[in-house]
Structure formats: C-alpha cells, structure tokens
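Notes for the one structure printed next.
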Amino acid sequence: MSNVLSLTTFLPLLGVLLLLFIPKDSKGVLRNVTLAVTALTFAVSLLILNGFQTNAEFQFVENVPWIAAGPFMMRYNIGIDGISLWLVILTTFIMPIAVLSTYTAVEERVKEYMICLLLLETGMLGAFISLDLFLFYIFWEVMLIPMYFMIGIWGGKNKIYAAVKFFIYTMVGSLLMLVALVFLYFKGMEAGITDFGLLHFFTLKLDLATQIWLFLAFAFAFAIKVPMFPLHTWLPDAHTEAPTAGSVILAAVLLKMGTYGYVRFAIPLFPDAANKFAPLIATLAVIGIIYAALVAMVQEDVKKLVAYSSVAHLGFVMLGIFAFNVEGISGGMLQMLNHGISTGALFLIVGFIYERRHTRLITDFGGLSKQMPVFATIFMIVTFSSVGLPGTNGFVGEFLILLGAFESTLRWWTIVATSGVILSAVYMLWVFQRVMFGELDNPKNQKLADLNGREIAIMVPLIVMIFFMGLYPKPIIDKMEPAIKKLVSQVRVSTPVAQAQSIQPVVALPAEGQAPAPEAGGTHETSAPAASTPQGTTTAPAVNPHDAK
Amino acid sequence: MENLNSYLIVSAILFSIGTIGVLTRKNVIVIFMCVEMMLNAVNLTFVAFSRHLGNLDGQIFVFFIMTVAAAEAAVGLALIIAFFNNKQSIDVDDVNIMKW
Amino acid sequence: MFENVWLIPLFPLIGFLINGLFGKKIKNEAIIGAIGTLAIFGSFVVSCLILMQMIGLPAEQRVFEKVLFPWIHCGNFKADMAFLLDPLSCIMIMVVTGVGTLIHLYSVGYMHGEEGFYRFFAYLNLFCMSMLLLVLGSNMLVMFIGWEGVGLCSYLLIGYYFHKKSAGDAAKKAFVMNRVGDFGFLIGLFTLYWWFGSNHNIWTINFTEIKAASHLLPYGGVVTVATLCFFVGATGKSAQIPLFTWLPDAMEGPTPVSALIHAATMVTAGVYMIGRMSFVFVKSPETMMVIAVVGAATAIFAATIGTAQNDIKRVLAYSTVSQLGFMFLAMGVGAFSAGIFHLMTHAFFKACLFLGSGSVIHSMHYALHKIHSHDDAQDMRNMGGLKSAMPITFITFLVSTIAIAGIPGFSGFFSKDEILWQAFSNPYHGNLNVVLWGIGAVAACFTAFYMFRLVFMTFYGQCRINSKAKEYLHESPFVITIPLMVLGTLAVLGGYLGMPKILGMLPNYFEHWLEPVFEMANEYGGKYAHHGAHPSHALEWGLMGLSVVIAVIGIGIAFTMYVKNTELPAKFVATFPGLHRAVYNKWYVDELYDFIFVNPCKALGQFLWKGFDVLVIDGVVNGVANVVMAFSGVFRYLQSGYIYNYAFSMALGVVVMLGYYIFK
C-alpha cells in the first residue's frame, strides 16, 4: 500500500514489457492488453484516491537515494497532495478511454503505438508525482518522446512539420528550465540544501533579481506547454496532425503539465517574482482567451477549432492561478480537470466523424443530427460543457476562476476575460450548427452510421463526469482545498516581503509593528480588503513566510 | 624490463595496420576484423604495461575489452547481416546513405 | 409542504430523463405526452399545496429556505443547491407550472405526428425544470443555473426544426444574445459579492443574506455598477433594448414554445430577477432611471415594429417585447408589485394569444397542405375571415386581445393601468415621470392598434386563402382548445386579484401578498423620492379614463384601416414608403448589429489567424528554423556518407590531438 504511487506510475511500463512479448500481428491482443493495463492502472490509482487524507501534506511519499554524481544528489522522491492527486486521477482516467478510441483508428504499427501510449502514461504520471526537481525534469522529457513519435508516425498529412515543431518548442522551454534548475541547485547548495528535493527549495530565500530570472526560465518552459499566447502556435498544428488518441492525451493531460508546473514549481519556488509578473501573465492569459476565441471562430477545420478553444480555456486557468486566492486557484485546478474531460471528449468526437468521413472540414458536414441522433446528443452535451453551461463541469471551474480573479487585483482583466464566455458560445455553437444542423445535403453524409457500442462506451464515462463535476464538485474541491490554501499562504505571505524589499532590503519584522502581515496586506492598494480576508480561516499568516514551514 | 619496448612496438605496428585497414579496405568484414586487431593491439599494450608496472589493473581492463569486443562482434555481425539483406552487398561504398 | 419544495423541479427533471432517454423507444405519442404533461402537472399540484400553506401563514412567516445539498464551497465562497420560498417565488411557480401544464397539454395536440415528438417533450420538461430552478433559487448561482438553463432550452427548442437554416441561426442568436446578458449578470454578481466581502466580510450570494445586509449598501456608486450589470443580464433574457432582436427570430420554434418560453415564462426572468433583488436595485436611483427609460423605450420601439409585421407570430413577438418594456417601466419606477402583476396577467393573455395563433397556424397549415400550396401558413395576408371556421379560437383570442389592449374589466387593464399610474405618480425620477407616462400611454395606443390589426386581418373580412383550401379550415381538437379556454378565462379574471384601490370593489390582494417582499425596497426608495404634492384621486380617475380612451382610439384606427377602409394601409405605405420600409425591416437593428459586431469580429478573427498566427508568430518561428537550415546547408557537404571518410577524419583528429600534446 505504501508503494501504491510507484505502482501506479510504473504499471504502464510493466505493460510495455508485456507488450514486447506479443507478436505484432495480433493486433486484437495488443489492444486488449493495453486496455487492461491502463484500466488496471486506473483501478490502482483509485486506491490512492481512497487512501488520500484531506490535508495539505504530501502523502504516499517515497524518498530513496537515486543518483549521486559529484555535487549533484538526485533522489527518487515522490508524493502527492490535493493538487496533483486529481491530475493523477485524470491521467489514469483518460488513458483507457484514449486506448479504447484507437481500436479502429490505428491499424498500422499497433504494437509501437500501444507502447508509445503506455510510455506516455508513465511519463505523465511521473511528472505529476515527482517531488524531486531533477526527477520531474526526467519525466518531463520522457513524456516528450512518445508524443513526438505519435504525431510523427501516426499523424496526418503534415505530420513531420507538426512533430518537429512540437518537439522544438517544448525542448527550447525545457532546456531553459534545466539551466534554471541547475542554477537553483547551486543557489541551494550555498544555503545548505543537499539534494533536489522540492520541499527544501520552498524554504530557500532568494533575492528578487535571482527569483525573477529563475521564474522567467521556468515560466517560459511552462508557458510553452500551457500554451500561452504568443507561444501557442505549435498547438493547433500538433493537434490537427496527431491521431485522435494523441490529441486527446495532449489536450487532456499534457497541456496540464504547463499549468501544473506553475502551481507546483514556478509560483511557490519564486513567490515574489510570481507576484511581480502576475499582471503580465494575466494580460497574456486574457489576450489568449480573446485571441484564441476569435481565431477559433473562423477556423475551417473542426480539430483546429477545438485546439484554439483549448488555448482559450487554458487562458482561463492561468488567470485563475494568478489570482493567488483559494477561489481562483481552485477554479483553475477544476478547470484543468474540466478541460481534460470536455476537450478530450471533443477530440474524440472529432475523431469519430473523421474515421467515418476522412475529412475534418466544417463545410463537408451539415445536418448530421438527422442521421446520427446519439452522436448529436453527445456532441451537444460536450459542446455545452465546453461553453461552460451551469450544471456542467465547465461552469464551476470558469465561475470560480472569474470570481477569484475578480476578488484579486486582476479585476479589469476579469471583466475582459468574462467576455470570452460570450465568444466561446459563439464559436462552439456556430460549429455545432454548421456540422449538426441544416439540410443533410452532402450525399456522402447520408449514409453515415451512428455511434456504435464501443464509441458510446467511450463517451459515457466522460459525460457522467461532466455532470457529476458540474452538480456536485464538492468532493473534488474539498480534497484539494487544503493544499491550495497552503499554496496561497506561500504566495500571499511573501507579498509584503516583496514590497518591503523594494523599500528596504531587510524583511520587516513584526516587532516593529509596522509591517505585520495584515497591515502589509493593506498596502495592497486596489484590493485592500481582499488581501486581508481569505486567510482568516486558515493559518494566521506567519511573520516570516518561510519559517512557517 | 627492457623488452617493454619491443612489446610496444609490436602493438603499435598492429594498431597501425588495423587503422590503415579500417581506412582503406572496402569490405565490411575486413574492416571489422581490423577493428578487432586494433583492440587487440591495445590489449597487448595493457598487458605489457601491467607486467612492467607490476599492477594487475591493466590485465583486468583487458578482460573488459575482450568482453566488449565480443559484444561488439555480435552486434557488428548482426548489423552486417542486416545490411547484406538489404543491399546484397557488404561493400562500404554502398553504405552511403548516412549523408545529407 | 414547504419541505417538499424540491419536488417541484424534480418532476419535470424526471419527465425529461424518461422522455429524453427512452422516448425514442416508447414511440407512443400518448404515453410520451402523458409523461411530459403529468410531470409538470405534478409540480403544479405541489405548487398549489405550497400556495395554500403559505396563504394560511401570517405574512412574516412566509419565507422558507430549503438546502438540498452543498454545491460549490470553496474558500469563502459558498453556494448551496437551495430553494427559497416566499410570496414572490410562490407566484412564479404557480404561473410557470400552471401555464406550463396547459401548454404541455396543448402540445400533445399541436405536435401530433411531428418527427421527434419525444424530443420536444423532453426539452419542454427540461425548460420547466430550469425555469423553476430560476425562480426558486435561493442564491444567485442557483438562479444562474436556471438562467442559463432556460437559455439552453430556448436554444434547443428554437432549433427544433434544425434542418432549417433560419431555425439554427435563430437558436444560436438567442443563445449568444442571452450570453451577452449573462456576462452582465456574472459581473454584477462578482461586484456585489466582492463589495460585501471586502467591506463587511460578508461573503455571500444568498438572497436572504444580502437582503438582511442590504442596509449596508450605499446609494449609487458600486451599487449602480452592480445593478447596471445585472440589468444588462435582464435585457438579454427579457429582450429589452439593446438585446431584443433574438426574440422575434425565436419564433422559428414550434408555437407552444413561443407561448411558453417567449411569452409566458422565460422572458419574464429579467423582471423577476429585478423583483427578487429589488432591495439592491432600488438603492441606485441611476439604475432605476435607466431601467425605467429602457423599459419605456422598448415598449414604444417594439410596438412600432409590431404595427408593420405580417407574420402572425412576429406581431405577437414584438408585442411581447413591448409588454416586457411595460414591466421594466414598472420596475424602474419602483412599482414592483405592479410589474410582477403585469408579468402574471401577461403570462395568461399572451400564452392564450400565442396558443390561439398556433391553433390558427395549425389549421392553415393543414388546409394549405391539403391543396399542396406553398403559401406561408403564418402570413396574415393569407388569412382573414377565420372567425366562422374557428369559433373557439376566435373568442379566446379576442378576449385576450381585449385584455392586452387594456379595456376595463379585463386583466390587462388592471395591470397596465396600475403601471401607467405608478409611472406618473411615483416620485422616484422627478419630472421624468410625466415623460415616462406619456411614452407608456402612446405605446399602449400602439398596442391596441396592432393587436386589433392582427385580429381584424386574421378573423374578420374576406377569406384571402386559396378558395380550394377554405373548406379544409377547421376548429382545432379539444386538447388544443381546452388550454385556450382556460387561459382565456384567466385572461379575464386574473386581473381581479389586483384591482387598484381606487376602484374599491375588491382589495388589492396581489399587492398585499407581495408587500413583505418589496417592503424593504419601498423603504429604501422612499429615501430619495421627490416628495411633491400627492396626486389626487381625481387625477387618478382622469388618467385611468384617458388610458381607456387611448386604447379605444387604437382599436378605432385599426378598425378603420383593416375593416372599414381596407385600402387605407396601402395608401399609407405609398405615402410614407421610407418609414414603412424602416419599420417593416425592424429599424434595421439586425443589420446594424451585423455591421458593428458580427462582421468585424469575423474579420478580426480571420486577420488574427491568417495574419498574426500564421504570418507573424509562425513566421518568426519558421524564420529561425530557416536561418539554421541555411547554415547547415553549407556544412552538410562535410558529410560524404562514406564510412572511411569519417574514420579517416577521426584518425586524423586523434593524430592532431596527440601531436598537440606531444609537441606542446
């Protein structure tokens, strides 16, 4: 039981071993084994969920020495808290669905494809559970390779371009991150930190200038992955060219790496810099929301449209995270899950019609409702989830993000972002109308078959989740709230430090009575009251942010 | 031991023959054997020095090199066979796809 | 019974699930219709029981909150799935379930034989559920579920005939316009929540809690901002200027939908919301003025458009917009209970009118279908003289028309006159009140005119339909006419619940009933009201007489133009061609919106995609790649591809390096 986290992570790798012994012509066996492995992984991950205690601490921690090379000490240090818990579950939940969606979509090199999928799963899970910065980096890179192959080998017409673009974009970011990581390590060594353990670095006090550079390097890597405007152009290409399962995983989990990176690393490691850059990042996020929505509106390719809608949704997530309050970050986290579910579902839907018609151009469709009523119903539910209709999951996340951001200093950003809610309705409904409504005039569309049992089985869990998370998100929020409160306290408390630093280099001590935390919150001009409040129920802000731990 | 030099000279000659062979011959198998010869030339040097210095480290290294050479032989021959299957030839001039 | 309030939205939900999931398998229209109708009827019964219980309680105990389950709890934010029962929501559930039941019943007949019959009933049930959530929600977020939910259902139902492009367009337009309103609603919600939270540490969106804390709100300032945002939400949902254009297009849906959603219930959500939060709205004199002015402007604006439309349902649609304008006018002058009263009477007579028009269309459609004519079954120019063919439809339609025109003794008179009187006498907006009253009165005149124009063109005069089709015209079956008769009766009697005091025959039950809800609002409003001389009874009588005269004038003009002197309208059009064209084309508002919003957005999207994404960003990215490629293009010739070349360079390298160290 104590190793259940490692078990979850490496089960897919064991699956890869198993697949190696299966001849590559027995496609059915390969598919079923992969499905069984991913399903088993999901089952095991439910044990984690079951054993998870609702508190802010890291749980299921495993910490053993791994590599000791010269001054570098890497440890196999893993664990989860409320923030990573749900992303782990999301990953294990999406994987069987993604595998199931490939049963008829991929006919060539099935074995390699399945191996890629399983490797990818290990990579993603590993990245979510790593508490060692170096380990995280390794898993971060591990994810990249199978995805690169999935796009490059099983992709569409322009697959090489898309795969290389994806690879290079991500690589540029991660190399910067690696440099920053090593630099951070040396900084840590000066302060007596002896390994890459994330928790040690939380206590590290860095001056603002260092923080800014390191934050920028991390933020750049994560911003590419999110992707944030203007680093988003790899995404539409990658999504359009990737096979369905690839798109689903890319949208549902891989993009979350970026936002997760902010929450887990960039912000708590460099809180002062994060505070400083919050307006900039919020601006980019809001531009992303509006920009992506406008661009999505005029797309001719359904898949590209969904890809741009991802950019818009992730913009919301970023806005929520940089609100730096419980509501905003919880909303951001929820929105990550929601986006995983509803955009994953949208890509599956696009995959269904692509398999039938081998085109994704909107103009090739029209009036499918008549021919495919089940498909129409499912598509509609997912569309409205993506639009954020109350009662579906999309709403809860979006609402909390906007609420949180409005309470914070990002009020004007929020108002602009809220108009993105209108635009999302415009482009989603428009594409829905053009694909599903109207006359069924294209003769090729008149013989389309409705969804079969397998396809419905794929969609049902997603739809159940759409409504469950929309109507009763409490269990999810409850589990992550303590961790988020802790994160908020990490960022918040440091705010006065950052401000004090700009005036005097020494951190203000409470004895002076001048800048104890609540007071300092008051200097937070525009959101004077907001700063002093949500803390009330949690731990009283400690004087020195880092000693609080 | 004064005859160290003769060992070194022999090994240098062997090594040079191997190098020239690798550079000039076209037959992959021959090239491969030349590589083996270079490895063994190095082994000879190791043994000679080991004896000369009275230190067994060199001889242990030789064991490693021999193991690696065996592994290399296995992989290399497999590559050659695969290559032959593709091109019906074992001439290095036909292995020219590794360029721009 | 209060405890069981959750049953009210539950029944339609069950109906929706059954019909939605299994309707296709059930196939039998009678069963599907029965499930749908019984579901909402069940809610109606529960609502009645709740109403009875509430009547039995003393006024101050008529508030009840039922928390069903916690919904979103996060940080300070707390929103439960909870219902609020008070006199206001009680009236609303009665109207929604009552009218809803009748319309479900009607639909069984009207939708007979339609493809997707089950789908229609499922949507209708879902709509009722959403609407009930909207009116029962005890906090803004539950209200918002209903708020968006009705928008969704409206989308689904307008797009019911999805194979028609116009239906798809109309559905999308409705949803997007509603979304614009929702944007306002959300911002308003955020503002209020944030203000209360940050200034008083009251983190709430619960109506009763806000009401309890409403004395903390300042007059104007942040309240103006918040309430204006809420009002934007209301204009979207209730089709007021500037977000009204979706409603007439929404007539693409089946007629019962128009009756239920676009006349009786959904569009009144905005009015209800203002009523629900009256204690906030009234704290901002500026917002109140905006509401009153927008209401009055919409009332007259839509009424003018209504005079020139030929599609029977479109006339009714513009009439709805105009009547909603009256309700907003009432809200804006602080006559909350009058506004809600008009909401209720309007629900009765407008539902009756729509259903009546549906009955006419049904019959026309049948007749035209029989002779294989492609004439438009909804165009009034094809109708005329239907009075004898469809007596029940005619009588109920006429009664409702009289009600909406404001003839004494019918429900519309009481509610509309109350609004006009309060607009005149309520001292909230100083001298503006006379203007508001004037506009309202003129709009009332237009109302009488276009409604009677409708009646005269449809039911009187020569039958203009193809003579062959004439014999196929028939009265609709009972399942259609019974709801008509019930609603017609209510259109007459409903008004007696809220007779103005001055008439003195019956007490104003309605205002009395709602008093506890609006007490606080009236108190706040009183603080800034201009206290002038209290208008006398004589004045009230006078104005009442005047509005009757106005209505009669409107009817008279209609009679002259469409019964006596039928060539007059053509002459009028010939005299003022520009004016007629503008009115006929709805003052070109749609075109204006296309020009200002829709087309620039599309153009901008195209530009950002093709121009910015592809050219600028990818241009830079690919540019970097190209520079690297150019360099490597030179260096690549070093790679000959021959192993011995590589080996040689390797050996050479070794020699050079060794040489360097040896001869250093």
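Going by the order they are written in, the chains are A, B and C; count residues from 1 in each one.
Heads up, the rule we're going with is that a residue touches a chain if its C-beta (ideal position, glycine included) is under 8 Å from a C-beta of that chain, and two chains touch if they have at least 3 such contacts.
For clarity, every value in this text was computed on a predicted model and none was experimentally measured.
S.K.: Which chain's mean C-alpha position is nearest the mean C-alpha position of the whole protein set?
M.R.: The chain sitting closest to the overall C-alpha centre is A.
S.K.: Out of B-C and A-C, which chain pair has the most contact pairs?
M.R.: A-C
S.K.: Would you mind pulling out the distance in Å between where the CA atoms of chain A average out and where those of chain B do?
M.R.: 52
S.K.: Averaging only over C-alpha atoms, locate the centres of chain B and chain C and give their separation in whole Å.
M.R.: 87
S.K.: For chain A and chain C, what's the span in angstrom between their mean Cα positions?
M.R.: Roughly 37 Å separates the two chain centres.
S.K.: Of all residues in chain C, which are in touch with two or more distinct other chains?
M.R.: If we look for residues of chain C contacting two or more partner chains, we find none.
S.K.: Among all residues of chain A, which ones touch two or more of the remaining chains?
M.R.: none
S.K.: In their shared complex, at which residues does chain A touch chain C?
M.R.: 165, 168-169, 230, 233, 236, 291, 294-299, 325-327, 330-331, 367, 369-370, 373, 384, 389-391, 395-396, 399-400, 402-404, 406-407, 411, 414-415, 418-419, 421-423, 425-426, 429-430, 433, 436-440, 471-474, 477-478, 481, 485, 527-530, 533-534, 536-537
S.K.: So in the complex, which bits of chain C are touching chain B?
M.R.: The contact residues of chain C facing chain B are 636-637, 639-644, 647-648, 651.
S.K.: Spell out the part of chain B that touches chain C in their complex, as residue ranges.
M.R.: So the residues of chain B touching chain C come out as 19, 22-24, 31, 92-93, 95-100.
S.K.: Given the complex with chain A, which residues does chain C contribute to the contact?
M.R.: Touch residues, chain C against chain A: 24, 69-77, 81, 141, 144-145, 147-149, 152, 155, 159, 162-165, 167-169, 171-172, 175-176, 179-180, 182-183, 186-187, 190-191, 193-194, 197-199, 201, 203, 601-602, 604-606, 608-609, 612-613, 617-618, 621, 625.
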